[in-house]
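Labels A, B, C and D are assigned to the chains in the order they are written; within every chain, residues are numbered from 1.
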Amino acid sequence: MIQMTLIQIDNYGPWTVTPTPRRESDLQILQAELYADLQRQFAAKQGLVFFMRFDNMLAISNGMDMEDHLRIQESIGNRYPITVSMGVGTAQTPYDAQRKATRALQSHGGAQSEDRKEVLAIDALADDEGFVQIAHIDINGITETLTDTMPAYDTSFVVNRVQHFLMKKLIKKGSLLFFIGGDNFMSPCNGLAPEGLLKIINEIKDEINIALKAGIGKAPTAEKAANLADLALEEIRGGFTYDLVHLMKE
Amino acid sequence: MIQMTLIQIDNYGPWTVTPTPRRESDLQILQAELYADLQRQFAAKQGLVFFMRFDNMLAISNGMDMEDHLRIQESIGNRYPITVSMGVGTAQTPYDAQRKATRALQSHGGAQSEDRKEVLAIDALADDEGFVQIAHIDINGITETLTDTMPAYDTSFVVNRVQHFLMKKLIKKGSLLFFIGGDNFMSPCNGLAPEGLLKIINEIKDEINIALKAGIGKAPTAEKAANLADLALEEIRGGFTYDLVHLMKE
Amino acid sequence: MIQMTLIQIDNYGPWTVTPTPRRESDLQILQAELYADLQRQFAAKQGLVFFMRFDNMLAISNGMDMEDHLRIQESIGNRYPITVSMGVGTAQTPYDAQRKATRALQSHGGAQSEDRKEVLAIDALADDEGFVQIAHIDINGITETLTDTMPAYDTSFVVNRVQHFLMKKLIKKGSLLFFIGGDNFMSPCNGLAPEGLLKIINEIKDEINIALKAGIGKAPTAEKAANLADLALEEIRGGFTYDLVHLMKE
Amino acid sequence: MIQMTLIQIDNYGPWTVTPTPRRESDLQILQAELYADLQRQFAAKQGLVFFMRFDNMLAISNGMDMEDHLRIQESIGNRYPITVSMGVGTAQTPYDAQRKATRALQSHGGAQSEDRKEVLAIDALADDEGFVQIAHIDINGITETLTDTMPAYDTSFVVNRVQHFLMKKLIKKGSLLFFIGGDNFMSPCNGLAPEGLLKIINEIKDEINIALKAGIGKAPTAEKAANLADLALEEIRGGFTYDLVHLMKE
């Protein structure tokens, strides 16, 4: 079982244009710092946050309880002009976990409701049997083939295209996909077998001719799973395995 | 003429895995804080940065000269474990400006070269005739139709899909597209007529049934253009214009 | 027993002037952000950091073990151009705890040694019997008598003078004193009786005619002790006790 | 003429305890980040901020006009749970400049007034003849004699003592003194002759046996003056001058 937390800024849309539209640079700074801040606080509990849409973020939160979530909400409320609400869900797949987390939060009111503020809606927490499976997916040799030869925007266009294809294929397996910068993606993917991911990678090679590789980690917390995924990726990079998908467990 | 700056972290890929893969949460915090920091410094000169791939960011920098860029590079070098190089280009369209900015930087060495460090490569600066045109594109009623009813990941999936379609159509016009959080996109679009954008918005409505609206701003600097675009968007939102695309100039 | 951690930037002096003196604003931002960052990470473990000299900070760290300290050092090393070493000491009084923490670190090399880097030197950790006693000391009515009537610098001059007197008197009791902003001070003061602090407050009233009040908190962690001290201070402010020093325990 | 800006958090005292005392670690993070943020924004205009009491900061702002101050206030208001008011004053000495800045702000209401919010009160701006004189004062060989041999708190005690003596002596000359971390102080000191500062340094050597040195810089902006002061200090450190006080101008 994987546990996911949806973090949503309360009534953010109206705030951004009240009384007149706030300077976009300020909104960008606010969003990036809020994300960095939440990341630091979830990381202190071995969780991992994905920025997603910035006003709505998803985190893997196995090992974190109600108290941990409340502390973070309070700390944000003390230091930002906005507050955040959270929903927590647990399921066999990341897709279902975020679905339950979302529903739990939605049942307390809409994202632009004026009444909903700093809600913490927990559907279920993962127990000790819970675990996290994360794939770290990376484009082969992007520096040589794209970054150093193509216009910067074209490279980002390719990366966005890869993201789009990966999202479409992974969601069918109940797995999520998040861009984490550079040519890197992280996929919370409990329930997905390495062969399933390899098949997707092969399809993308065929369809859009981009070569990917993926390290997979499996562990009790997001931090450890991500770390194992990184190590597995380095094994592939270093040529220690011929496979394009490599799994490491605790 | 629009002036664009490519900001690239020097030799970042190798650094992230030396001596062993660095904790992903730390990389995420580093990237988000670097972006927020650059945004603040460009904003002080009325520029605007887009995070793009985080290790490669694009900024609109009309009005900023060599000295301004050098100061920012030095300040980043003083406070982060990494350094940044920059390329600056100017052209009739944003696409061409970033292409020239990229080429200027690439000519000084690759992104993972060990020798290239804190390079500032200026192809050309915009003169006083230069101006910035920005479209702020937004999805209609996302809160009701998606955020408050669908799982959070599905909403972000839709937003990503819209991004993909917009990117594909805008690049043909020499315009760029960046996601700025929520259901919002900003498009540097010098050279694109309002009718051209309206046509794209109509096509997207037909093809994937998502209704968009767009405010366009035109001004000497990115900050002013973005602000006018916001005001134009509010005109549409407030029902003061029937058009889905509305332009405001200084 | 109170546990204290000395955090020292490695070889910082030389770095600030290499190759030429770095811009002072950058150093100030670096120091303030490093402090805020450490505070957030210690707070996630119920610790509390005092900025002291910024290149040397002292933290109360009861409840934090070797692993907790190592994680923080690694995270700083991943995101800043500098690294930090730490010493940890435990004793009956805060003064002795920081003395042991300092000595533990000093035995591994000097603050400007080129060889010493990211050292963690633990003399002793507090056990479950350990506790933290903190006094939150505040000037009465500073807003009316000083802030709103005197030049800003004169007010800060008075606050600095109070700090100087408090430091001199408290150190004799084995207690420390840190300025925490505004007209507020925090004193880690295990071993100091409320009467002892009241005597000091009365002396200061006599000697420099400044009226102080103090809430004291006693708990297993710095966070809880500080919170109780705050509540005790509010009791005095609210007139619920006639004493100028008020103690609250768990 | 030197221009100084007083930055004051609006109605901060009551906010820190409403509805119950906020977590001290959160307040510390808020204060440090606010200071770093203001520093970055003033630095973009060649100004320099001193944290002073954190809820009341003083900045040297020669070269900054009304528009520059308004932008900063707006940006803070967009990203923090609190707002700031400012007063600006100009005079022959830094002491008088901050006095005028304070009075200008005080005339708009008290620091804990519920009505005063985001006020900008400008008494007078410096004209093109204005200049900034800054002394960077540093303790000789603190690493060997104190940091590496004494308990960390004792070292900070000595530094605080030096600060107290310097403040007392400098204020008589119309000069201010701010601690900037480590064993360093910065003194805005328009109107103070190098000999005057040398005399103070000699007195402190006699009275408390601490050896100081000081670089002085004189330039149109705080940034340039501070930089020249740093270079002058390096001249002394490098043995290129026998004097303990050394002045450099543009």
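Just so we're on the same page, a residue touches a chain if its C-beta (ideal position, glycine included) is under 8 Å from a C-beta of that chain, and two chains touch if they have at least 3 such contacts.
Given the structure is predicted, the values throughout are model-derived calculations rather than measurements.
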item: Partner chains that chain A and chain C have in common; value: B, D
item: Selected pair, out of B-D, A-D or C-D, that shares over half of its residue contact pairs with A-C; value: B-D
item: Chain located farthest away, centre of chain D as origin (C-alpha); value: A
item: Chain centre separation in whole Å, for chain C relative to chain B (CA means); value: 42
item: Interchain centroid distance [CA atoms averaged], chain A/chain B, Å; value: 22
item: Whole-Å gap separating chain B and chain D, where each centre is the average of the chain's CA atoms; value: 37
item: Per-residue multi-chain contacts in chain D, two or more chains; value: 23, 26-27, 29, 33, 40, 43, 75
item: Footprint of chain A on chain D - complex, ascending; value: 22-23, 26-27, 29-30, 33, 74-75, 77-81
item: In the complex with chain D, residue positions of chain C that touch it; value: 6, 8, 12-13, 17, 20-21, 23-29, 31-33, 35-36, 39-40, 42-43, 48-49, 51-56, 58, 95, 98-99, 101-103, 106, 110-112, 143-144, 147-153, 155-157, 159-161, 163-164, 167, 171, 176, 180-183, 186, 223, 226-227, 230-231, 233-234, 237
item: Sites on chain A touched by chain C in the complex; value: 37, 40-41, 43-45, 75
